[in-house]
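Structures incoming, each one as structure tokens.
Look for chain A in each of the two complexes below; its partner is chain B in the first and chain C in the second.
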Partner chain A sequence: MKVITANFVTCAVKECKTAQTSFPLHFHDAELEQQELDFQPEFIRNILPRVDWEALRVTANELGFPSIPESKPEGEALDNEQTLRDLHRLLLETHVAEGKLVCGNCGHQYMIKEGIANFLLPSHLV
Partner chain B sequence: MAAPDADAYEQQNVHEVYQQIADHFSSTRYKPWPIVEQFLRNLTPGAVGLDVGCGNGKYLSVNRDVFIVASDRSENLARIAVKHQPHSTIVADIHHLPHQDAFFDFAISIAVVHHLSTPVRRVQAVAEILRTLKSGSETQAGGKLLIYAWALEQKTSRRGWDKGDPQDIMVPWVRKGGPAKQGISEEPQTFHRYYHLYEEGELERDIDQAGGRVLESGYEKDNWWVIATPKDRP
Partner chain C sequence: MSRPEDILPPDLFYNDNESRKYTTSSRIRNIQADMTNRALDLLDLKSPSLILDIGCGSGLSGEILSEVTEEEGGPHTWVGMDISPSMLDVALQREVEGDLFLADIGQGVPFRPGAFDAAISISAIQWLCNAETSDVSPEGRLRRFFEGLYASLRRGGRAVCQFYPKNDAQRSMISGAAIKAGFGAGILEDDPGTKNSKLYLVLTVGGGGLHGDITGVVDGMDGVNVLDARRKAMELGNARARSPRKGDKNWIINKKEQMAKKGKVVKQNSKYTGRKRRTAF
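After this line comes the complex of A and B, so read on.
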């Protein structure tokens, strides 16, 4: 599961959707893996406006990347190739191969196996 | 059918079948349907969306300038779909999508809702996808959903069904036998999947009930399709 994906998922439990603590989900016991992908600077520039930077910072910290900028790179900062390359590496090339995603509201744990997170709910949570 | 029963029914007659036929099914699904392809190609670069019931992920290769979180109920299909870059694939249930409210720019759900076995569950599925789409306002368009479902009216197809025929049916899938092992070839195996065949106008009615506004609709390759957006939210 790519790091960027954590920005676009939340708890599958209906009641958690309105709880602020359910987003982002928190990685536990994450095993990281790098998978090379062609660098497309335009893609990073285009996708960045849709990224919740605060949530990304939480995720990055939990995964051991504490050095990401405090605020979202904008304007001229997006002309800096190194900035875009760093983001490309973090958002698209860094994967969580095994681990858990945990909801900060209900505490439910979603397993990640072979890079795929499973959001199916047990019957008592449906 | 009560909801837990319908859930168990779909588990047996849809989900388990796709788990079994994933590889063979995937090898027969590679050509994108033209309207889906066009919908995806017309998206703004940087748009973020969902492919709900992505199957083998055949639509994930159409546009690499957008980001798609694809999901399927079958882990075996998700494992095939995950290979498509730069997107992402998860396992999720259409009735409990793990996505934020009113966030996404677009969603597609192609040949999926016809596997749900009651009218209520079909409407709930559409409502759940619409929930995730951006609201429209005076300054921005709302998120758009493209949805496809198998048509009852397909008398020129190989199946030959038409108006007046039963709408809730079991459709066989014949998985070819494997390559011969020690001179003995594997027997072909037949699986049955549940389908609800949509009659003309039915998909539009479901979308309306689910809180969607139909923008465009039509018929392509034995399927009814609709492009919809969430109705104004309070």
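After this line comes the complex of A and C, so read on.
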């Protein structure tokens, strides 16, 4: 699972839809993997306004990347290719191959195996 | 032809064997590629976007999304959801670029509001019309899916879902559920009346710069049936007067066209077609 996807995914349990603590989901025992992808500055510029920066900082911290700037790069900072390359590397090329995603509200654990997260719920939680 | 939907639930039907067959059959691959390209045309994406692939299976359509050239506004990044572990396993072996989720779309779409630019679904949502256990209903599954999808798309985003309804009831159940969730919905039918007929449900979130019809994409296309609840109320009066009743001129012409398409010999239309005979003296 890419880091960018982790920034968009929420807990699937019904009660967590409205809870503040259910986002972002927290990584536990994550094993990381780096996969080369073509650099796309356009895509990064398109997606960045929708990224929840606070959540990204939390996620990056859990995955062991401490060097994330405090605020989201905006405006002219987006013309800097190095910034975009760093973002590309973190958001798109970093994958979580194995591990767990845990909801901060209900504590439900979503297993990640071979990069595929299991979001099937037992029917009483839907 | 038998429908896989009637045989088993999707996670069981697409077992290792079926998934492999589905992915290696060149006939299915071609059809799937055609439908994906058609859906991409309808989405009309101008820049590299984040796309949700609903029922992504082995990533046949995802591959096409990743391969869109820069001139055409690509390549797109996609996230796929599917309920069949075997299908996702095949996707892993084929090393697709998108992120994969094992999830049941009938349980909702677990993404943050406004996350995606667009959504695409090829031959998947008719599965929602089957409830496999007694504690869920097709209506509930459709409602959760469309509500989740509506929330996860950004304003002005679009979704194109190709589907195979079993009958008209399923077709209206699916489009009705989409409209109820808040989408502007239109149904586009390619090759209507033939064996190759394909239905596309075109959905829009919020109207940004749309004109003409509610979807803004099917403008000027033939064979389009736009479902717009807002317009419907207004047109109800007119529609009643216009709808072809059995036996009137429009109905007869329609029937003759159908028969002609089947290759039957049909009398030519004239000014006398469908006209009442004068009462006998």
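Quick notes on this structure:
Simple rule for what comes next: the second predicted complex is superposed on the first by the 123 of 126 C-alpha atoms of A that agree within 3 Å, B and C clash if a C-alpha of one lies under 4 Å from a C-alpha of the other, contacts with A are read in each partner's own complex, and residues count from 1 in each chain.
Convention: contacts are C-beta pairs under 8 Å (C-beta built on N, C-alpha and C of every residue); 3 or more make two chains touch, one makes a residue touch a chain.
Remember, predicted model here, so these are calculated numbers, not experimental data.
Once chain A is used to superpose the two complexes, chain B occupies space that clashes with chain C.
Residue contacts after overlaying the shared chain place A:Glu42 against chain B and chain C alike.
In the superposition on chain A, A:Thr21 makes contact with neither chain B nor chain C. When the two complexes are overlaid on their common chain A, residue A:Thr10 makes contact with chain B and with chain C alike. By the touch criterion stated above, A:Asn80 is placed in contact with neither chain B nor chain C. In the superposition on chain A, A:Asn61 makes contact with neither chain B nor chain C. In the superposition on the C-alpha atoms of chain A, the part of chain A touched by chain B in one complex and by chain C in the other spans residues 1-2, 4-5, 8-12, 23, 37, 40, 42-43, 46-47, 50, 92, 114-121, 123, 126.
Contacts from chain B toward chain A in the complex involve residues 4, 7, 45-48, 64-65, 67, 69, 71, 73, 75, 78-79, 82, 85-86, 88-93, 95-101, 103-105. Contact residues on chain C toward chain A in their complex (touch as defined above): 47-50, 75, 77, 79, 81, 83, 88, 92, 97, 99-104, 107-108, 110-112, 114-117, 133, 135-136, 144, 154. Partner chain C is touched in their complex by these residues of chain A: 1-2, 4-5, 7-12, 23, 37-38, 40, 42-43, 46-47, 50, 52, 92, 114-121, 123, 126. Within the complex formed with chain B, the chain A residues making contact are 1-2, 4-5, 8-14, 17-18, 23, 37, 40, 42-43, 45-50, 92, 110, 114-121, 123, 126.
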